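Below you'll find a set of structures to go through.
Next come two complexes built around subunit A: one with subunit B, the other with subunit C.
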Partner chain A sequence: MNSVGEECTDMKREYDQCFNRWFVEKFLKGECSGDPCNELFQRYRHCVLKAIKDKEIPVERIEFMGQSKDKPESSDGS
Partner chain B sequence: MDGAALAVTCAAAAADAGAGGRAHPHHQPVPGRQQQSRDSPPAVPGTCTQLSGHLQGGGPIPAEQHLHIPRLLRTGHRQEGDMKIWSSEHVFSHPWDTVIKAAMRKYPNPMNPCVVGVDVMDRSLDSQGRLHSYRLLSTEWRLPSLVRAILGTGRTLTYIKEHSVVDPVEKKMVLCSKNISLTNLVSVDERLVYTPHPGNSEETVLTQEAIITVKGISLSSYLEGLMASTISSNARKGWDAIEWIIQNSESTVS
Partner chain C sequence: MVKYFLGLNELKSSWDQVFAAFWQRYPNPYSKHVLTEDILYREVTIDHKLLTRRLLTKTNRLPRWAERFLPANVAHAVYVLEDSIIDLHKKTMTTYTWNINHSTVMSVEERCVYCENKDNKNWTEVRREAWVSSKVFGFSRPIQKTPRVIEFGLARFKSNVTKAMKGYDYILARMQGDIPARTLVETAKEATEKAKETALAAKEKAKDLASKAATNKKQQYV
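Right after this comes the complex of A and B.
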């Protein structure tokens, strides 16, 4: 699967692989400690947000599921 | 949509404008589950939370694997355009964990070739240990030439924003999506909820709703027809996609 920013695709795949492993082996089993993918995520996210801005995709306009009133607290990138 | 909110129209693409069915007559309501009333007030597009009411039923549901075809629940006429609400329910014969693993990595799959990109814009755990993911889906429409001519040839790449919440304790995944392109023409809000089958932990129930609001006069009847005729096949593609992911990921690290 590609990223919206071509230059981000490699970072995305690397992160996805890390995330999927964490999601299956830790998160779904109730082990939420640690954040092995955060570094990969921050690097990838920086790239994606820049691509979104450059392409002028209006992602901010829409909010879901009471985003404002139930704001996630930690920035766990995994 | 399950990703694909706009997949409702996405694969509308091509040839199947005449296939599929509006308000499928064979939909079997699930006994013991509260169904959304036809007289209930229309939910407001963009506010997923307002749709949650009818998903809380807890009665037994049949173990059959019959595919429930989405049906038209209500057609409203609101200031901003014509609105339709679709709903369906599907039972996967896999445990919740297996289905969720597949749902989280649903793309790419052969059933939704129009989804060409998936990005995570933000992801975090909330205080209750639920995982929130905000994703951007890039989709490529294969629109009939008539619509393409009206929209302009350069506008076939469209975007969908998606927010999912996975609760590993309660075993519930909720996913909302909405198009962020072409919103001046059409708005598609989709909400999916995956929960374990209340009577069989080896099965998973997917409840799915879509609110489609078509704006403007000239295109509306055409687009409505297009959606009505393709929403069934698109929902089915989503279910097939989950099955495909499950079948094709067993030997790999999920």
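Right after this comes the complex of A and C.
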């Protein structure tokens, strides 16, 4: 899949390939020590964060799973 | 006003296959509306949870009546954040997805919990909740009725859920070897394109030869 920064797509594919292998062969088997893909991830992430800044995509200062915590369970919400 | 949606889906694959497929979902034949996908954050916690934040860009086709709510110069793509937690001990995956632009016109927040089906361990259950809201109020309807923009948002959300599940099934089948990586349709399409190109190239070459022949002929007359 393409990256939002065209110049990052190759780096992303390389990282994705590494991650998917690690996820299936290690993580799902409960072996979580070490991250062989970290270097690839940092290189790709550096590229994509620059692209996001250039395109002014508002991703900053958003808490992880943030707004989800305020959501009532199974309410009709209206 | 917020409209709430609750739906249950079943994927006929085990939880570990479904979680692995989650990272390889795009592209698929049902994901034409997903343009880009990026990983912004990733962490494995000491209690074996995988936390990920992805950024997706999606197309935002709006009906003409809704376009007036968007300034003319605004980018039409929708930026979507998707946070997820995979809990290896509980065998669950929780995702929270929402759009970070155009949210005045329409905000869609979705929370999904994927877990092992209790009756059939080879299947995975998806519990999907969504909240569709808008700060734009319809002018043409009485205020107590659901604004048109929310009705549209909910309908589009439901259609995207159908596409997402079809796409998921497709990727799962491909990962399990039921579908070749390139579908027959794709291969056939490519062959047609190539044939067209070859025909075009041949035509050009023929033209070229003809013109050369004509030139030669002319030269003979000289």
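Please note the rule applied: the second predicted complex is superposed on the first by the 62 of 78 C-alpha atoms of A that agree within 3 Å, B and C clash if a C-alpha of one lies under 4 Å from a C-alpha of the other, contacts with A are read in each partner's own complex, and residues count from 1 in each chain.
Going forward, a contact is a pair of C-beta atoms (placed from the backbone, for glycine too) under 8 Å apart; a residue touches a chain by one contact, two chains touch by 3 or more.
Treat the numbers as computed from the prediction; the structure is a model and nothing was measured.
Within the superposed three-chain model, A:R21 lies in touch with subunit B and out of touch with subunit C [touch as defined at top].
Using the contact criterion defined above for the overlaid structures, shared-chain residue A:K12 touches subunit B and also reaches subunit C.
Under the contact criterion defined above, the residues of subunit A that touch both subunit B in one complex and subunit C in the other are 1-5, 8, 12, 15-16, 19-20, 23-24, 27-28, 30, 32, 41, 44-45, 48-49, 52, 57-59, 62, 64-67, 71, 74-78. Subunit B meets subunit A in the complex at residues 46, 48-49, 97, 100-101, 104-105, 107-108, 116-127, 129, 131-132, 134, 136, 138, 159, 161, 163, 165-166, 168-169, 174, 176, 178, 180, 253-254.
Subunit A contributes residues 1-5, 8, 12, 15-16, 19-20, 23-24, 27-28, 30, 32, 35, 41, 44-45, 48-49, 52, 57-59, 62, 64-68, 71, 74-78 to its touches with subunit C in the complex.
Residues 1-4, 6, 16, 19-20, 23-24, 26-27, 34-42, 44, 48, 50-51, 53, 55, 57, 79, 81, 83, 85, 88, 94, 96, 98, 100-101, 109, 111, 129, 131 of subunit C are the ones touching subunit A in the complex.
Contact residues of subunit A toward subunit B in the complex are 1-5, 8, 12, 15-17, 19-21, 23-24, 27-30, 32, 41, 44-45, 48-49, 52, 57-59, 61-67, 70-78.
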